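The structures considered in this document are given below.
Next come two complexes, and both contain subunit A; in the first it sits with subunit B, in the second with subunit C.
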Partner chain A sequence: MELAISVIVGFMILGAIYAIHARDILSAVIAGGIVGYSLVICFILLKAPDLAIVQIVVETITLIIMVAVVLDSSRVEAYGKFDSRAWVTSGTAVLILAILFWFLKEASATLAPFGENSMRMADAYVNGAVDRTGSVNLVTGVIFDFRGYDTLGEATVLVTAVLGVLTILRIRGKKI
Partner chain B sequence: MTVIVKKTTQLIAGIVFLYGIYIILHGHLTPGGGFAGGVILAGSFILLILAFGSDFLHLLREERGSTIYENLAILAFLLLALSGFLAGAGIFFANWLPHGTPGELVSAGFLPLYNIFVGIEVAASILTIFLALVIFKEEILK
Partner chain C sequence: MTVYWLCFILFLTGLYGVITRRNLIKIAISLSVMEFSCFLFLALIGYTEGGVAPIVDMADPVKTYVDPLPQAMVLTAIVIGLATTAMLMAVIIRIYRKYGTFDIREIKNLRG
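== the complex of A and B ==
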């Protein structure tokens, strides 16, 4: 199974690299879809069907919206000049990346070795979930009962995203 | 779109809608749940809009209906969570309804209700974003 996942991740990397370098934006969007659909296969191989269902539907809807947007606007990528402001932004990006990598290295030194996670919290969830929540599907028991605040936060993020979209995409004001 | 696409959409959209409801209602028994089922529900509406054009569903003029549903669903989710606080347990998100036998459709206390309201909320959110993009395009073309 690790071999299959490695091959699929290789495909994802190829798709992502092609999406960056494609001249035509439509082919870049479709190459970006490779990443999402390969992730679906990875989720199924790793025995996470809940995530796979969400990912395949969301990927399809996002791809439809992106293709519609690209077909209605321009298919040619706009290249700007590489002036002094571009130097400043690229330098800042590289600096922040270096700082983030340094902190990641520092933080990962204290973690458990790769593949040997400590199961302190997960043991309580896995063994007692059916008795305590009454839900046979363990994932639903965790996300709505043990981690209810997380789910409330996710739903609030969706509401906020819709508010932002409605605020930006309005040309004429609504008559009250 | 052509006749083939319209006819296929007529046949499929209802089945997709029912499948979304199934995923939401069985969220505490089988893989899936509110988020997955809600996105599938929104997908059936988006399929109809893509096949039949903007004028087919009359709610396209205003996305008022879907925004109201979205806000009411998140409000109901909050009230359900608050009811655990008021019912004597003293904990936010307390699951104070009887749990029933695990594995039956009506069991697990509040979890199916949470699933239903989160499903409505996710479906209405994604549909609202899609409708906002469609209306934006129509206003641009005018």
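== the complex of A and C ==
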């Protein structure tokens, strides 16, 4: 299981690197879709069918929005020449990433090994959840019953984002 | 452990894109890559070896389930991620209509 997921995550990394370096913005967007759809496969392998369903819908919508934006504007990536400033930027970025990776690697030593989840928190949710929430699906029970206020906040964020998109796209800007 | 490290590398790939790219669309893509790696990390933490999907089978109640709590959190985060991405793309298309470019070096009115 760990090997299969590692291979898929490696594939996601390659897709992300191609998306970052592509010359054509449309192919960058499509290559970004590789990452999202591979994540669906990972969720199925990790026994999370609800996440897989939601992720495949969300990724499709995101891809449609991005493709619509790209087709409505310009596809060419404006590449300048690779001057000294770009060298400084890339060097700093790689340095920061190396330091961050070292910290993450050290921090991951405190994690339980893969596949040995302690379920310390989840025991309270799993035991007798069907009697208390009436939901056979435990994820639904957690979302809509034990953590109902989280879902209320999520709905608030969603409504705010929709209002924001409508506001940004509707009002005509002042001509400057 | 390898799979956690690969997950970190995916996050750092997204961070690299955010730092070095100058195209707004590519920055948005890199941000969603970082988002996806966080989702993957939470789902990886919740996995239990030999567990089944957290759906209770009344006929056979004694089973190991994978942890439903990270899954519920990721479910919330995925939907919020869609909302923020849609908002980001709306801002980007407004910027393109005003300046005619995605290049952040040429959007000079925002400079202090």
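Quick note on the criterion: the second predicted complex is superposed on the first by the 129 of 176 C-alpha atoms of A that agree within 3 Å, B and C clash if a C-alpha of one lies under 4 Å from a C-alpha of the other, contacts with A are read in each partner's own complex, and residues count from 1 in each chain.
Operating definition for what follows: contacts are C-beta pairs under 8 Å (C-beta built on N, C-alpha and C of every residue); 3 or more make two chains touch, one makes a residue touch a chain.
This is a predicted model, so every value here is computed, not measured.
Residue contacts after overlaying the shared chain place A:D145 against subunit B, while subunit C stays out of touching range. When the two structures are aligned on the shared chain, A:C42 is found in touch with subunit C, with no touch to subunit B. Once chain A of one complex is fitted onto chain A of the other, the partner contacts of A:V88 are absent, as it touches neither subunit B nor subunit C. The larger set of touched subunit A residues comes from C, when the choice is between subunit B and subunit C.
Look at A:D50: by the touch rule set out above, it reaches both subunit B and subunit C. Once chain A of one complex is fitted onto chain A of the other, the partner contacts of A:L169 extend to both subunit B and subunit C. Residue contacts after overlaying the shared chain place A:T156 against subunit B, while subunit C stays out of touching range.
Once the two complexes are laid over each other on the shared chain, residue contacts for A:I64 go to subunit B alone; subunit C is not touched. In the superposition on chain A, contact of A:G134 is made with subunit B only, not with subunit C. Touched by subunit B in one complex and by subunit C in the other are residues 49-50, 54, 58, 61, 65, 69, 72, 130, 136-137, 139, 141, 143, 151, 154, 158, 161-162, 165, 169 of subunit A. Those residues of subunit A lying in contact with subunit B across their complex are 49-50, 53-54, 57-58, 60-61, 64-65, 68-69, 72, 130, 133-137, 139-141, 143-145, 148-149, 151-152, 154-156, 158-159, 161-162, 165-166, 169-172. Against subunit A, the residues of subunit C that register as touching in their complex are 1-17, 19-23, 25-26, 28-30, 32-33, 36, 39-40, 43-49, 51-56, 58, 65-69, 71-76, 78-87, 89-94, 96-98, 101-103. The part of subunit B that touches subunit A in the complex is made up of residues 23, 27-33, 35-36, 39-40, 42-43, 46, 50, 63, 67, 70-71, 74, 77-78, 81, 92-93, 95, 99-100, 102-103, 107-111, 114-115, 118, 121-122, 125-126, 128-130, 132-133, 135-137, 139-140. Remark: subunit A residues 1-2, 5-6, 9-10, 12-13, 16-17, 19-20, 25, 28-29, 32, 35-36, 39, 42-43, 46-51, 54-55, 58, 61-62, 65-66, 69-70, 72-74, 77-78, 89-90, 92-94, 96-97, 100-101, 104-105, 108, 111, 113-117, 119, 121-122, 125-126, 129-130, 136-139, 141-143, 147, 150-151, 154, 157-158, 160-162, 164-165, 168-169, 173 touch subunit C in the complex.
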